[in-house]
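Okay, structure first, notes after.
To keep things simple, chains are lettered A, B, C, D, E, F, G and H as they appear, and every chain counts its residues starting from 1.
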Amino acid sequence: RRTGVPEAIFCHGKTPAQIDAIAAAAGDRRLLLTRLSPTLHAALAPETRALLDHDPLSATALLGGGVPLAASGIGIVAAGTSDLAVAREAARTLAFAGYDAEIFADVGVAGLWRLMARLDEFRRCRVLIAVAGMEGALFSVLAGLVEAPVIAVPTSVGYGVAAGGTAALHAALASCAPGVVVVNIDNGFGAAAAALKMLRAYSRAM
Amino acid sequence: RRTGVPEAIFCHGKTPAQIDAIAAAAGDRRLLLTRLSPTLHAALAPETRALLDHDPLSATALLGGGVPLAASGIGIVAAGTSDLAVAREAARTLAFAGYDAEIFADVGVAGLWRLMARLDEFRRCRVLIAVAGMEGALFSVLAGLVEAPVIAVPTSVGYGVAAGGTAALHAALASCAPGVVVVNIDNGFGAAAAALKMLRAYSRAM
Amino acid sequence: RRTGVPEAIFCHGKTPAQIDAIAAAAGDRRLLLTRLSPTLHAALAPETRALLDHDPLSATALLGGGVPLAASGIGIVAAGTSDLAVAREAARTLAFAGYDAEIFADVGVAGLWRLMARLDEFRRCRVLIAVAGMEGALFSVLAGLVEAPVIAVPTSVGYGVAAGGTAALHAALASCAPGVVVVNIDNGFGAAAAALKMLRAYSRAM
Amino acid sequence: RRTGVPEAIFCHGKTPAQIDAIAAAAGDRRLLLTRLSPTLHAALAPETRALLDHDPLSATALLGGGVPLAASGIGIVAAGTSDLAVAREAARTLAFAGYDAEIFADVGVAGLWRLMARLDEFRRCRVLIAVAGMEGALFSVLAGLVEAPVIAVPTSVGYGVAAGGTAALHAALASCAPGVVVVNIDNGFGAAAAALKMLRAYSRAM
Amino acid sequence: RRTGVPEAIFCHGKTPAQIDAIAAAAGDRRLLLTRLSPTLHAALAPETRALLDHDPLSATALLGGGVPLAASGIGIVAAGTSDLAVAREAARTLAFAGYDAEIFADVGVAGLWRLMARLDEFRRCRVLIAVAGMEGALFSVLAGLVEAPVIAVPTSVGYGVAAGGTAALHAALASCAPGVVVVNIDNGFGAAAAALKMLRAYSRAM
Amino acid sequence: RRTGVPEAIFCHGKTPAQIDAIAAAAGDRRLLLTRLSPTLHAALAPETRALLDHDPLSATALLGGGVPLAASGIGIVAAGTSDLAVAREAARTLAFAGYDAEIFADVGVAGLWRLMARLDEFRRCRVLIAVAGMEGALFSVLAGLVEAPVIAVPTSVGYGVAAGGTAALHAALASCAPGVVVVNIDNGFGAAAAALKMLRAYSRAM
Amino acid sequence: RRTGVPEAIFCHGKTPAQIDAIAAAAGDRRLLLTRLSPTLHAALAPETRALLDHDPLSATALLGGGVPLAASGIGIVAAGTSDLAVAREAARTLAFAGYDAEIFADVGVAGLWRLMARLDEFRRCRVLIAVAGMEGALFSVLAGLVEAPVIAVPTSVGYGVAAGGTAALHAALASCAPGVVVVNIDNGFGAAAAALKMLRAYSRAM
Amino acid sequence: RRTGVPEAIFCHGKTPAQIDAIAAAAGDRRLLLTRLSPTLHAALAPETRALLDHDPLSATALLGGGVPLAASGIGIVAAGTSDLAVAREAARTLAFAGYDAEIFADVGVAGLWRLMARLDEFRRCRVLIAVAGMEGALFSVLAGLVEAPVIAVPTSVGYGVAAGGTAALHAALASCAPGVVVVNIDNGFGAAAAALKMLRAYSRAM
């Protein structure tokens, strides 16, 4: 809160009982729960589940109800359908903070014409979150085409040398397109938090 | 240019003759040269050297003269004196683009009181570039204290497990302070380019 | 025993039958069992389970009863709730050896004020065990603020570049705060053993 | 020879005397020398140097004279000027084998329009050798646009996570564009050898 | 299609519902599904399963029926029986594209005479796909004996330093036999796509 | 100072001019300079060199004169003669802080009888600093034989898998002898700082 | 057979049906099956299981009956009880080849006196197979004390930096005791095969 | 000596003065000096150099004169000419111990017929030391063809993924030919020491 980012609970590695306790103690505070897998969600107490708006694909849950969404100017570009879970984690974090964001799906680099077809939409965004796994070529191509800041989220989608996401991470960091900034592998939440910090700096600046 | 970042020549790995040719061909265009070490600079033709404003510490050179500097609201925080070279690469890139930026030196985490003493100044910045090597604890501490976006630049300062900069890089990416964004190791130029993209988005937004 | 550390059985990788046999053979000797997960514990013979004081969170069990606890002056600082399992492994090891120790929970670096609020308590400790995952910034911050030896226990809490705990391990080893000493990832037992060696050296010294 | 690839001497790690001896023993046989740096070349006996057609940029030398060059239909695409040394190693290998090949320079992905401008030329090639360092996004973009086999040569151009070339190598191997094949980092010679094997299979096929 | 390779769906990481939807939307288009494990296949809707020709060993499925197979001149050499799954992924991809290919099984390097016994057959192939795990010595031995292009597919078969397939991958890339080209670990699909690109270049060339 | 460890300047990576300035600014303060190689020392201004007590083997220098040394009870055990430079960095740091310490040289594990011959001396120490490279077996053997805390300093002495020191580092961290604590590779300074923190805790405890 | 080592089937990664087929086809040939876990064994056809002498701890099975065992002079030393599975894989391989071998259990380095107590027995062996995980200090200590060849088998026993066995592997390879030879992690079969090759060379030599 | 291997001084990392002192102190003892590069040799005192029989290629020196050489039955097989330095280190170690050994040069796997032509000679050896870099395919091919123990010495010859020698090391460890044993990268000395231990066991056995 103090630093302008939403309060979130990282659920992976916590026991159901611990999460139940956190939910019970929340009182009036709104909370975002991340990495709450369908299995973990199913293991929570019925009282807790009743309080949660859970999205299985992104493994996120909102506690304390939604808020009306304002337009954010943030676009989320996902290279493949397998990257959608991470893209949705970013979108849900923005929604928790009261912002709407469009997800552009299936615009990977191997089919460059699909990406080019949506370029005008991308150029209208104030911040772009790019989500890609495997070789992560999307980050450089996108950042070479738009003026807005590009936040790269490498994903762990892939096998062989791409397993775990370091190939995409290194592609993002080594991008020949200057100005790409990067967050941890699969960290859709962090990308959204960074985008929110930028939005906040915009309004302070004005 | 097209994407709102300055045109820069990465000199490391180019021959003196190649750099001489690039300088000669520049004509009226202003150019930023990065990774131009004192040794490489000394090997250039005298005509080229006469055109360049070279800074040995940051290994950068400006071709085509400076421009008047506007206040940017960008702060550059360097953990140790060994991180100053990278911090200056960022500052020189901003200066090339026409922006002034303050460097806050020697505010590492082992002497927390020095960092705390300057906190109000950090909080007045619109974007913070944090430069640190070794264990890179500075990134998390800083991002936990300010609202502005924090761009982390891990440096290759260190030895043993810190040699090459991956310890600091991983600390930046794994930061428990949400919203930290990261560029490649020693990439002061890239951090400045990202900060410029944010500034540009601010003005477009207004 | 000979080297002043408690006798412990590392249960992970042993079959239930092997652990049953060890317990049966213990006779009057007190034993500490580590890495005895709830699942492995449940697979032991009822006779064995009857002998054990098992703690599921830390996956430790005491055989042969407890002993009265003396004040140790050892403090255990845990960055997040996910680090509590490792912190408790340390505390249980100390308890097995007859020492009490306080656990300070949830004092991570992203909320620096929570850490600062407890600084006086930390400064009263003779040895500090610091337990942290992700980027492990806690180690440097803590060691920069107290005089006592700091034993860093990196944990495997985290994902992406932090998965497995090497990011936190490298942060501990590369700490810019001189004098931090480090044990293996998730090794709460080893940290407690080291702290006990220090206590013993204190008394020998007197 | 037996397997349809030219006989080459890898000079790095050999002493000048060893290379002198190989050259003296060659007799009428034509030889290709690779990784013969300017320094190593300068340390050879004058008699040897008199026999060699040495190219400093690619660190290759031809012994035994050139041959008339036939059109090969092989195109060599280099992302940046720093990748030209490796691109030339490929071209010199093809020339040694009697084939001409065009080098397309400076068509990196951050300036996508430069790449697009030459797309028709790329599409006329029967085999493409793509040479790129840093994040190696060129491989996927190119292979998504042409029908010909694409042989990716990752280069060691880059710093931080890109140092040594593994970031580009992994990008090539993990490419989302199916059918990209890859050779070792900086291995322009191997890429040319593979292209020659393909040409030979074409003629056998006819 | 555009680049001369078959359209394939990478199923690992997709939900059964997503695959059902893709199958339903395919209409008249033929599709290749890869990484469709027996478990995932069993979880599909009965309507989808009725449309698929599924092969459990290679985890591939064809949708839309087969086509008559033309001789391709492509040989697939597998070092051990554990490498057969990947070899079959390549064969099934070729079959989907209308080409027949022979699999040569169990010709590992430790029993060199078995490999030598089939050398004439290998030499009659226009392209060879070599599939091997563990130390991947097969790639160099084979490429040293035949004229055709050799596409190396390292597999994840092995344990210890060979676990995951990087030992075999590095052996393929570092091969002392010039002209070996390499695809990602376990990527039988990619090897087949590359072979198809070569065949297509042959016919264009004629 | 605040945390009970001596103030030290890490000279590697600083320019001679920077070190000259630090020395000139020191005034009455005593300073320890580490990683001041003979080459760097020779490049300092004559005035600076006149102020320094420089030890080439350990690459340390004392500014401001020595102090009388008290017995510390700290023993420094070095596996091989190549580990002596790091061992001396530890001893010089202790001397700067006013403590004497004995170095036991050449007691590697391959000649176990040499180590056993000095066991009584080791057992009389209150803290042991163990310095070893290559496979680092010394750490486990020593810690299995003595009661005092053992601080392991892995060194970068070695080649092949031992190059850089990670083999020794991992041996120290994975030691089967409980209670070994570890500092960064080649970090004799850090080991001494940790030992000093323990001594200080002893006296506070009394 | 040809190279003097027993014929073995590596079962991990094969389907039950494939193993059933191999067993059925064996006829009179004796076979050793390795990595046949209890689960995989249970999934075999009853006819196959009736033919096998299966040992769950080492996951090995003998097909075709045992043979009378001759004394081999080979000793197998295991550091911890968790290393016994790998030690038994070696012993079972030797038994299949007709040789007896003694296993010396629980002689890790942290309790050096236990190792010393059995030194005379070790010194009577003609070949020693040493099996150890974690930091693998056993290899150096043992090889420094005996004249016989020492074959090191690093195991994957351990956690943190020791997980997977590379810490022990690197310790074995970097051993300061000259003449240690090493096989892959957990490769008890390979160590036995190597010991058999040495025995065979002995008899040929006579 | 005690363990049946020659006493050797590892010179890399020692100062000329230290080596001079060791040579002066040797008295009547014969010594083997390894890793004594031409540069380091040239920096020794003239008195020391007069005592040494130095071989620049293998960087070894014998002090105290040679001994008459007995036939050992040990063969040393080197894949390429760049591997000869390591092969000679092994041969010089054997010579120091009084044994002759034949070096078989240039029998790499890419020219299999050259290796096959010498197979009878290899089969007459009692122990084979195989020296290879790059992808290290030689180890598996050789061990699949001979009965004698094969000691693999991976070398650091290579670039890209082969740089430093880990690709060859992993190939040796993962070899599908059972019974290959391995020493550290470039460790010709260790391979010879292991071969000597085997010879000694042969004679003890008789």
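Points to keep in mind about this one:
One rule holds in what follows: a residue touches a chain if its C-beta (ideal position, glycine included) is under 8 Å from a C-beta of that chain, and two chains touch if they have at least 3 such contacts.
Keep in mind that this is a model prediction, so the values were computed, not measured.
If you take chain E and chain H together, the chains in touch with both are D, G.
Averaging Cα atoms per chain gives one point for each, and the point farthest from that of chain A is the centre of H. With respect to chain D, maximal separation of chain centres occurs for C (centres as means of Cα atoms).
Chain E and chain F have Cα centroids lying 56 Å from one another. One finds 35 Å separating the Cα centroids of chain B and chain F. Averaging Cα coordinates per chain places chain C and chain E 49 Å apart. Taken residue by residue, chain E touches two or more other chains at 143-145, 160-162, 166, 169, 173-174, 177-178, 184-185, whereas all remaining positions touch fewer. Pairs of chains meeting the touch criterion are A-B, A-C, A-D, A-E, B-C, B-D, B-F, C-F, C-G, D-E, D-H, E-G, E-H, F-G, F-H, G-H.
Within the complex, the chain C residues that touch chain A are 81-82, 157, 159-163.
Those residues of chain D whose C-beta lies close enough to touch chain E in the complex are 2-5, 8, 73, 126-127, 143-151, 169, 173-174, 177-185, 189-190, 193-194, 196-198, 200-202, 204-206.
Interface residues of chain H facing chain E in the complex, by the touch rule stated above, are 79-80, 108-112, 134-137, 139-141, 143-145, 158, 160-162, 166-178. Interface of chain A with chain C (complex): residues 10, 12-14, 18, 156, 164-166, 169, 184-187.
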